[in-house]
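A, B, C and D are the chain letters, set down in written order, and residue numbers restart from 1 in every chain.
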Amino acid sequence: MESQALMVILVPLLGSLLIPLAGWAGLRKATGPMAVLLIGCSHLLTWPLLGPALAGRTGESSIPLYRWIEFSTNIDALAVFMAFTASLIATLIAVYSLGYIEHTEHEPEYYFIVTLFVGAMMGLVFSRNLIFLYMFWEISALACWRLIGYFRDPEYVWKADKAFLITFGGAVFMLLGFALIFTQYGTFDISELRGKEIGTAALVLVMAGIFSKSATVPLHTWLPDAGVAPSTITSLLHAAILVKIGLYAFARLFCNGMVIAPEAQTWLLVLALLSAFVSASAALHETNIKRLLAYSTVSQIGYTFLGLMVFTHFGYIGALLYIMAHGFAKGGLFLCAGIIEHGTHTKDMTKMGGLFRKMPVTGVSYLICALSIAGIPPMAGFFSKYFVINGLVEGGRIAIATLAILTAVVTLLYMLKSFRMVFLGESRGEAHGEGSPVMVGVVAVLAVLTLASGFLLQLPYDLVKVADGQRLVNIVSLLWR
Amino acid sequence: MNNEILLLFGCGLLLMMLGVYLLVLYRNLIRLIIGVEVVAKGVTLIFLAAGLFRQDIAFIQSLIVTFIIVETVLAAVMLALVVGVHRIYGSLDIRLLSKLKG
Amino acid sequence: MLLWVLLGLLVLLTVGACVFRDLLYVAVSLALVSAVLAGILFHYGANIAGVFELSVCAGLITVLFVSTVGMTKDSDQGDETRMGRGFIPLVLLVFIGLDVLILRWLGSALPSIVPGAGSGSFQNVFWNLRSADILGQVVLILAGVFGISALFRLKVKEKKHE
Amino acid sequence: MESYIGWILLVPPIAVLLMPWASRLGGWAANTLAIVAAGLPLVFTLRLIPALGGGLTYELFGAHFALDSVSLLFLVVVNAVAFACMVYATSYVAHLGGRGKFFALLLIMVFGLNAMLLTRDLFSLYLFLEVASIASYVLVAFGLEQDGIESAVKYLLLSAVATSLVLVGILLVYMTAGTLEFAALGAALAGTGGPVPGLLLLAAALFIAGFGLKAAVMPFHAWLPDAHPSAPAPISAMLSGVVIKVAGIYALVRIFFGILPEIGEVRTVFLILGTLSMIAGAVLAYFQSDFKRMLAYSSISQIGYILIGLGLGNLLGLVGALFHVFNHALFKSLLFLNSGAVQYRLGTRDIEQMGGLETRMPVTGATSVFGTLSIAGVPPFNGFWSKLFIIMGALAAGQTAIATLAILVSLFTLGYFLIIQRKVFFGHLNEKWRDIREAPAAMSLAVILLAAACLLTGVFFHSVTRGIVEPAAVILMGGN
């Protein structure tokens, strides 16, 4: 089990180094399939982990390096769930990239960084040492820097720098927070920190890192700006990897690890709710399709945080399901946006319209994913949203639960608005037909996954249930029961 | 004896101060090099004072000889640089050397 | 008494090197400073150091200075000082005052003379005890030779490297 | 094994003597001789690592030299960077002329630095410092261009004053202890117990000012932002990567951790000067538009980190500081060599005129990303680990404010290096440079070597820290 997890990390991480070599060796064409192969392998390697994880087995391994720095892994249901979901979406996105990124200038670099990115995510998911958690965190940040600036326009590069600086800045403060934790408890090992109470200063610093990565108000501004990246990348950032890192870190550090004081918990809940609501309102006014989807992500992240921060069974289960449901749906939406952008050469929704006839598959997929995000049954999004709100009620946060439902209504509004503006009504600009078969196929697969994960909710639910069982039912949640 | 040593030491310090003052006062490169040389003379005196204090003239002589060689090579290189500056500017006024202002 | 005379002369000549307008005079007074310094070295029995000081500093460096002054004669001297030479006596007085203060502190801080073990003859020290310095000197002179030849080499024509 | 020490010392000067003859044979002969002469000391140094044990001594023509872990760490740094710079110089020097003289002076500089590290006598330390310095003055002016000569003059004048102060300090130490040898000095000065004698306090102040100027610590930094950018690129790399460390930091470390007895104030001074340099260097770097000048200010900032690590007074801080010496040598020389490659092809150092160069110069572009991420302390590159150790050391010493500032400055560092990336390498290609080619093979090889070293020391940081950094730090702690 341990060596399996190590392979999941190392295959994309080390394998990515081969891609630029292939690029220099003149095998430009081979770089795409190589990336798909590596990421796909990484995904397939998570399958054998599912069985033991469902059976509730956990594993740990550790390679001591220097003093308190050890490369240690931790394999439990939460980690396997995250690795499985993220690598699945990443594989689909990599396949989509084959059609999307084909004719751009820096193809080998693209595939190299994407693979590295996935490797960093896998490493982060399985890390048990805070220093290595931080290290993979930063690798993902630098990957996102190169990818956001992929098209090299001065404005894009500036936005890439902004994203890098904000996430790096948040992360170095998080590192300082880790260091403070170390001075208090003398360890960087997450499992040794279980049940220890975290000091206020350290909490603020660590949350600065988590919020900057997961684009929570007020550290969210880089995420809508990151829409200048290729659609595959925005999809990767929003659905599979980047913003999920903060959520995962919160789940790992605070739901499974250290204890937060009750007052701090209230503050965090309010911040998450604010983030969900404010960005939903912002999305309502947005006409750039990628920015709209980005604000929607900020809003959904806030929602997921609500589920995590309430520290109840339903909240936790809901949040993890939310990560998966949002991953499939938002991945699909951004890839749809990519097809639309390819076809219409614009991101401005006011210049679109009536695309449904020209892109039927894309349209249906978009609708399914949008409804899932908005929380309409029987899509997976509905169940996860329901669980989160149930969790909030379970934790006694009635007011917050009410406002969360209001946010869900706003979400439905802007999602339907975007669908209407893009696909219904009269055609306003020139538009070609569907995208390439590979691209449309991937989008359809994601839509099917969105639907399927709703109908077959039992499968992920079982795994998440195990994860909840392994969670430390910590003092705060006991207080609120 | 102690007083003599102090006197030599003090004289050396005085020469060093004067040399540094020369560096601050003048704008002509050759004069700046004279300043460095004056500092070096002061250091030589302090060498002598230290040797007398430890009553080991043979030892300190050896150091002084080495120091004189350092000083000479340094002066030669400095003067070569000055000739280089003169080739470029036709002047030795450091106000022309933007980097040496202030 | 002799020491007082020599040191007085030394300071006087140094001040001379500060104030003379003509660079040649400055070079000559620097040479004289070296000569007096050599005298002081002789006075304390540091004969070989004195010979070096006299031949190298008073001789060689002065020659270098004079030739540099000659090579750069055509340069305009302009307004050389930042604040005028009038301040020099004043500055000298301030420095002497400072010096006296430092010396008084030093006099109290300095323990009385400790008779050292003595290192034997100069030859022994120079060739045996401090042979690392000889290696250093050799390379130093090499550095000087290569350095000066590098600085006086002909500059290559500007080329574009595109 | 001990004889390797002798060869490390002797190979460069022998090559210098052969150089005029070799350059008469032709450029290829001079290149080969220079690379061999720079490579052999590196090989010998690396061979010495496993054999070191508690330390080695060697007698060369009756002169005593000794090697311990501290010297070894710095020796590795000097010779590795010197080798890369020499490889780079073989093709860079073409547009300067005077190939043989350039190599000879660079080798003399390497000799001076190596000898400084191996000698065990305070006055010899000064002498070898002078040897390295004189070579570096000439090398800064080697281009015979206006700003090179100007900066060389400024560098020389300030350095001459600094070394005079150091000499007076050395003489004060001699007056107190009656010897100049490290071991004897340590014994003579350590046993006193009571308050530190006034003479030694004065000497300490003179050493800090003198070597601080050589290390370009903040109030004494004025020469560095001129001298480092104006020099030819391999020399900038040597100066920023190695010379300020050996001539400044190594000398300070040797004196304050090995010879002079514990003077508590020195630690505080290190912390204050270090914090000042770290912040001011980064802020000043932010406002530069000259590629190399920005790098030069960033050197001041990084020296600040090193001083902070030294001033913390715990083992972790020392490990961090010494590891940062090692890392900074690698990534700063890498960045300077990159800037040299850009200047070599473009003929300008103004970053506003560049743009999108990575498409034309892929090796330079890619390796500069390595350098940028290393210096900003982004894992898994090497700069991260040393900064982490310094910050952890600061927290362990109770200096939370300094740790926070160090974190903030690393964010700032990333900020101004992203400016370089954005304006020079990333982004669209400036049409002006459509026909630019990648730098010549030797130059690319040198930067690839250094970039690989940055990544590998980052990934295998534990081998480096355990193998050569921690033993050195332990010696320094024991020397207290």
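Please note the rule applied: a contact is a pair of C-beta atoms (placed from the backbone, for glycine too) under 8 Å apart; a residue touches a chain by one contact, two chains touch by 3 or more.
What you see is a predicted model, and the numbers here were worked out from it, not measured in a lab.
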- Query: Which one of the chains is closest to the middle, using the mean of its C-alpha atoms?
  - Reply: D
- Identity of the chain that, by mean CA position, is farthest from chain C: A
- Message: Suppose each chain is reduced to the average of its Cα coordinates; what separation in Å results between chain A and chain D?
- Response: 43
- Taking each chain's centre as the mean of its CA atoms, chain B sits from chain D at a distance in Å of 27
- Between chain A and chain B, tell me the centre distance in angstrom, where each centre is the average of that chain's C-alpha atoms. 67
- Centroid spacing, where centroids are CA-atom means, of chain B and chain C in whole angstrom: 5
- Among all residues of chain C, those touching at least two other chains are 106, 110, 114, 116-117, 130, 133, 136-137, 140, 143-144, 147, 151
- Message: Going by the contact rule already set, what residues in chain A reach two or more other chains?
- Response: none
- Query: Going by the touch rule set out above, which residues of chain D reach two or more other chains?
  - Reply: 123, 127, 130, 134, 137-138, 141, 144, 175, 178
- Message: Please output the residues of chain D touching chain A within their complex, sorted ascending.
- Response: 356, 359, 373, 376-380, 384, 388, 391-392, 395-396, 403-404, 407, 410-411, 414-415, 418, 421-422, 426-428, 461-462, 465-466
- Message: Per the contact definition, I'd like the list of chain D residues that touch chain B in the complex.
- Response: 123, 127, 130, 134, 137-138, 141, 144, 146-147, 149-154, 156-157, 160-161, 164, 167-168, 171-172, 174-175, 178, 226
- Listed in rising order, the residues of chain B that touch chain C in the complex are 1-2, 4-11, 13-15, 17-18, 21-22, 24-28, 30-31, 33-34, 37-38, 41, 44-45, 48, 51-66, 68-73, 75-77, 79-84, 86, 89-93, 95
- Message: Quick check on the complex: what are the chain A residues that touch chain D?
- Response: 65-66, 69, 105, 131, 134-135, 138-139, 141-142, 149, 152-154, 157-158, 160-161, 164-165, 168-169, 172-173, 175-176, 179-180, 182-183
- Query: Mind pulling up the chain B residues that touch chain D in the complex?
  - Reply: 16, 20, 23, 29, 32, 36, 39-40, 42-43, 46-47, 49-50, 53-54, 56, 63, 66-67, 70, 73-74, 77-78, 81-82, 84-85, 88, 97-100
